[in-house]
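In the two complexes that follow, chain A is the common piece, with chain B as its partner first and chain C second.
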Partner chain A sequence: MNILGRTVQALLTLLAVSFLVYILIGLMPGDPVDLMAAGNPHMTPADLARLRAEYGLDQPLLARYGRWLIAALHGDLGYSRSYNLPVFEVIGPRAAHTVVLFGTALLITVALALPMGVYAARFPGGIADRMINFFCLAGVSLPHFWLGLLLICLFAVTLGWLPAATTLSEGSLWAQAKSLALPVITLVVAELAVYVRHLRAAMLEALRADHIRTARAKGCSESRIVWRHAFQNALTPALTVFMLDLGTIIGGAVTVETIFGFPGMGKLLFDAVNGNDYNLAVADLLILTCFVVVANFAADGLYVVLDPRVSLAGKK
Partner chain B sequence: MALLDVKNLSVDFVNGPFTTHAVKDVSFSIEKGETLAVVGESGSGKSVTALSVLQLLPYPAAKHPGGSIKFRGEELMKATDVVLRSIRGNKISMIFQEPMTSLNPLHTIEKQISEALFLHKHMNPSAARQRVIELLELVGLSKLTSRLGAYPHELSGGQRQRVMIAMALANEPDLLIADEPTTAVDVTVQAQLLKLLRDLQKKLGMAIMLITHDLSIVKKMANRVAVMYKGEVVETGETQKIFSHPEHEYTKMLLSAQPRGNPQPYDDKATPILKADQLKVWFPVKTGIFRRTTDYVKAVDGIDVAIRPGQTIGVVGESGSGKTTLGLALLRLLQSQGLVSFEGHDLGKMTEKQIRPLRRDMQIVFQDPYGSLSPRLSVEQIVEEGLLVHFPNMTKAERTAKVIAALQETGLDAETRHRYPHEFSGGQRQRIAIARAMVLNPKFVILDEPTSALDMSVQAQIVELLRRLQQTHNLAYMFISHDLRVVRAMSHQVIVMRNGRVVETGEARQVFENPREDYTKTLVAAALNMDVADTGT
Partner chain C sequence: MRRFLPAIVLLALFLLCFFAPAIEHLLNISSNETDLANRFAPAAGNHLLGTDELGRDIFVRLLYGGQVSLTAALAAGLASAFIGTSVGMAAGYLGGKWDAILMRLTDLLIALPSLPLLIILSALDLQKLGFSADIANSPRVSLYKIIALISILSWTTVARLARARTLTLRQMDFVRAARALGVGDFRIVLRHIFPNLMNTVVVATALAVGNIILMESVLSFLGLGIQPPLPSWGNMLTHAEETIWEHARLSVYPGMMIFVTVLAFNFLGDALQQTLDPKGTGK
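Right after this comes the complex of A and B.
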């Protein structure tokens, strides 16, 4: 498929996600007016009906989605009821925070996963491989929220080395970095396992290839075989898995950010859904989806760079 | 002093508590400039022996309980990694069987050839480039000297094998170990590559250790032969002597194992059971956003066939010539244009559901006996499946009786029906695949390269079996193969295909003995001339 085709596909994905999210949130029991009524006992049923009509909440869900979609296509994602601000202004700074958090976590994860995965594959069954395996198993088995809480207990409460809550945009750069440490560690531990396991498998596969034997017969040293010949070939399949895995990171964003009170898009999504803030929740999730779609897009581009057999025309 | 002196070499593979003795006490030597062929069937240990020389086995799973490998007097068996690396690709180099996978798919051909130069000669990039161009010209790839940035996937199998050879010769080695260098390429390419290797040997004066299962190649290439059987060298000697006076039983068997004989006569007045007129299979090439059809790949382009009961039509051609597509289209396993009629039914006008009852009369046997049998089904389940589809009212006992009869007819024991495909050898699996087709008592069977994945001696047995079944059941066969020797032993008529079209067709004897078209002549010369020489000596 060509670039245009991919773009159309990406836009369709976004459209489908927006529909699903809007409808799902709309199907949840209760609406914003119920929340207002709960906060103000003097409201009469007539007031409620008037408010519903004013917000358009008396109309069928599909009609509401249609109106929202038309506005969204004009660049207007609406107004956040709970923050009393246009959703863009609410999301903007938080998106930047999330990018910092996940960018850091991703960089560290990849930086650790590459040597660990390659080393484990080079001596499969060896002591290092078994230790890495054990660590990986432990990592995937620990849920985000549990690991996060344990880290808070140890480093913030008992040892007092790191702050439990995250404060970005305040304090010195060092203080900000320190406040990032715990959520980053939580994310890295969980994701590292996945990355290492996949890279190890891809490397084992690459090292079994016939052309590795050719390289050895040429007189290449082991390290040259591993890095020049096998690693490059392992990168493409590993990349596919990494990119698919980005989606699960969004799930991680909600839990990790909520635990650490991190002012990012995950926490915002959590609050928006709890507060029945339709516009904010939909916009937030759409932008998170955008991240994943763009990342996959970039991965497709990377394939072309990494593997001469792949072209943007989609032939292999 | 011999160039390479291997004494009492043994190789064990250790897998948990199991030890396989792959090579047992093998000794041979190679003199400067000579060619030693190591022949044997699959599993005889010939490749393992070849890989041992450069210590390329998967150590520590592979072990050498004993022996010595001396190259110019220097022991390689206990040599350090540094010593071995200075010899690999420099003094001794290797080429392998699979040209498709033996080159790194992510490196350009220049990078792959020059790597050997950087590693051993520490050449600077411009000198290396000069040498790469020289090497490409040497192996007959002058066309590629302007395309040094090409990647392996842009080259044909023959070209890739030439790149492999260029890579191996980069440092002018004293010994070239060639492990089945031509097995995976078409016959005409095979003939070219062998000629290239011979010419290069003359020019560079290197010795060659040639690993092969193909005796016709041995005869063409080798000064001396070592015959391997079950991990041991059973006979060594001058090529001429081995061929004329084989001493060991196994060597005699190997030499007589070529598929021979002729097909049984058939009634050429009978009504054809299957007819095709102007059969075409065109695959559309779609481009652009709207996936418009801009061109066609004409896999089969206007072919006429008529097959009578008891007759075999052989279809020969190189890979990509459309042989298999033709077979699939005749069975309506692929959409096609043109008339196909089976026993008077026009298959083109029938729906898949209407064709289904006819399917019990037309069966197919595939090339790969490893991939075409489901590993999760027992032999009985595999063989009886057709009966379940076509005879739903049959009782279990009746089915079992049919399955047993089919297995016995193909030379398998009745008890094998409880076992699973992985427990069988390649030849036995192919018998299971044939039993699966025969259990339905078909009238027409397409045999798509049924012998290509098998050892020569097993090929001969399968050819015997197929001929016997044909005679007993008056079967019509379409025998698709790139191997002209097997086709000659099987077919009454031959169709020679190239690029989806018929190049030549006629009586098998006439096509093989007096080919009219140039293409057929090349094909026949490349594939059979060794046989002609055989009968001459």
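Right after this comes the complex of A and C.
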């Protein structure tokens, strides 16, 4: 599929998601006017009807979606009820926090997953492979939030080394880094298993190829076989399956943020849903979806770099 | 033997959980009876694992929570296997524009961050869908709701696998022979294609059930899934953030149950894969 087709598909995905979510919001408990009425007993039904007309809530859902979409395309995602701020101003700093958390965890996880996955695939069936395999199965079976709780129990309650709650943007840099430690560790331990599994499977496949046997036969050094001949071929399929999991991995970040009170987009979404702040919830979900879509888009570009046989102009 | 271990663990868990009323009777405890004089009691006497923050017996509540969590997981697993197989076979067999539409839909769902979406979906007000207030707010319905929501989002893997298998199978001689004999499309799919992709679906479903348990437990933990007083392993951990400082025990047991169950399902999936699908068509 070419670049144009890809772009159209990505945009359609976002459009479909925004429509779906907007329809769903209509099914959430209490529209904004109901909530105002609950907060102010002096309102008469006439006041409510006037307010509904003012907010456009008396119009059909499709018309409302159209208006919302046009506003959104102008960069206006509405107003957050609970923060009394435009949605963008609420999400902005939290998105930055999430990127810091997610980025740190991603770097550490990849740094650990590469040697583990490659080593496990080099000696399949060996002790190290079996241990890594078991670790992976355990890792994907572990509820993230429970792992977080256990780590709090160990490092914050029992040992008292690290704080249980995250405080960003206050305190010294060292204190901030320390408060970031537990959420990052939780994410790394929880996600490492997924990365290693994918990488191991792709590496095993790559090492089975005929040209590997040829390389061995002509006396190529083992490290050159592994890293140059096999690893490069394993990266593309590993990246593909990883991208399929990205939505789930981001979901994991949501839970981890909630447990540690981390001021990021996942915690924000959770609070917004609990506080009936749906403008905020929709925008938050849309931005998270955007993130997945853009990452997939970027991955398509990356394939070209990783594998010269792939070209964006022609078919894959 | 090692291959059967996960199945045995799961069977034992099921039996324990579904005989919970009998065990409750045997221990002479009532699972929902609160006893504020006896909160956070250590394991002693009839309270095999002690009591929780309301003085309820942890062990019996774990079993009832297991009933709920396992029911939710199996129901959602079966539902998503059904949806996924139907969509996958339809896309693979019909081909052309049906294939394109169904698979775009699947890709769309895969691209969504599932947990954030579930968090929003779980806030849906059933009253606005025409249910009465009593029904919409009962704990029992929170169970059905979570099953429905998770099923809607988790059929995609099965659909992709079923489609891939169908694409291969429909080119095979026995399917072409059936078509040449004038067998109807519906019958071909049901009698000739479906039995041949059962194995793939079974393996994928076993692996999906583990994931579904994780999803359910996160949502219930966040207070958005199964509503108390109906216990589930997830919502038994809801107050863990407060109790963990003094009564870490309380947060260990339910999490342990989730972990062991999901692990067993994942091992079962792997074992089934080696037995039913050794060539790895389901990967």
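Some points to look at:
Keep this in mind: the second predicted complex is superposed on the first by the 281 of 316 C-alpha atoms of A that agree within 3 Å, B and C clash if a C-alpha of one lies under 4 Å from a C-alpha of the other, contacts with A are read in each partner's own complex, and residues count from 1 in each chain.
Rule of thumb we're sticking to: a residue touches a chain if its C-beta (ideal position, glycine included) is under 8 Å from a C-beta of that chain, and two chains touch if they have at least 3 such contacts.
What you are looking at is a predicted structure, and each value in this text was computed from that prediction instead of being measured.
Using the contact criterion defined above for the overlaid structures, shared-chain residue A:Ile185 touches neither chain B nor chain C, since it reaches no partner.
Contact with neither chain B nor chain C is seen for A:Val110 once the two complexes are overlaid on the shared chain. In the superposition on chain A, contact is made by A:Phe145 with chain C only, not with chain B. By the touch criterion defined above, A:Leu204 lies against neither chain B nor chain C after alignment on the C-alpha atoms of chain A.
Taking chain A as the reference chain, the count of touched residues is higher for C when chain B and chain C are set side by side. By the touch criterion defined above, A:Val21 reaches chain C but does not reach chain B.
Once chain A of one complex is fitted onto chain A of the other, the partner contacts of A:Val292 are limited to chain C, with no touch recorded for chain B.
Using the contact criterion defined above for the overlaid structures, shared-chain residue A:Ala96 touches neither chain B nor chain C, since it reaches no partner. With both structures placed on the common chain, the touch criterion links A:Leu162 to neither chain B nor chain C.
In the superposition on chain A, no chain A position is in contact with chain B in one complex as well as with chain C in the other.
Across the complex, chain B is touched by residues 2, 4-5, 209-211, 213-222, 229, 232-233, 306-309 of chain A.
Of all residues in chain B, only 54, 56, 81, 85-90, 93-94, 96, 98, 101-107, 115-116, 119-120, 151, 153, 164, 167, 289 touch chain A in the complex they form. Chain contact summary for the complex, chain A toward chain C: residues 9, 13, 16-17, 21, 24, 26-30, 137-138, 140-146, 149-150, 152-153, 157, 201, 244, 247-248, 250-252, 254-255, 258-259, 266, 269-270, 273-274, 281-282, 284-285, 288-289, 291-293, 296. Residues of chain C that touch chain A in their complex: 104, 107-108, 110-125, 127-129, 210, 214, 217-218, 221-224, 237, 240-241, 244-245, 248, 251-252, 255, 258-259, 262-263, 265-267, 270, 283.
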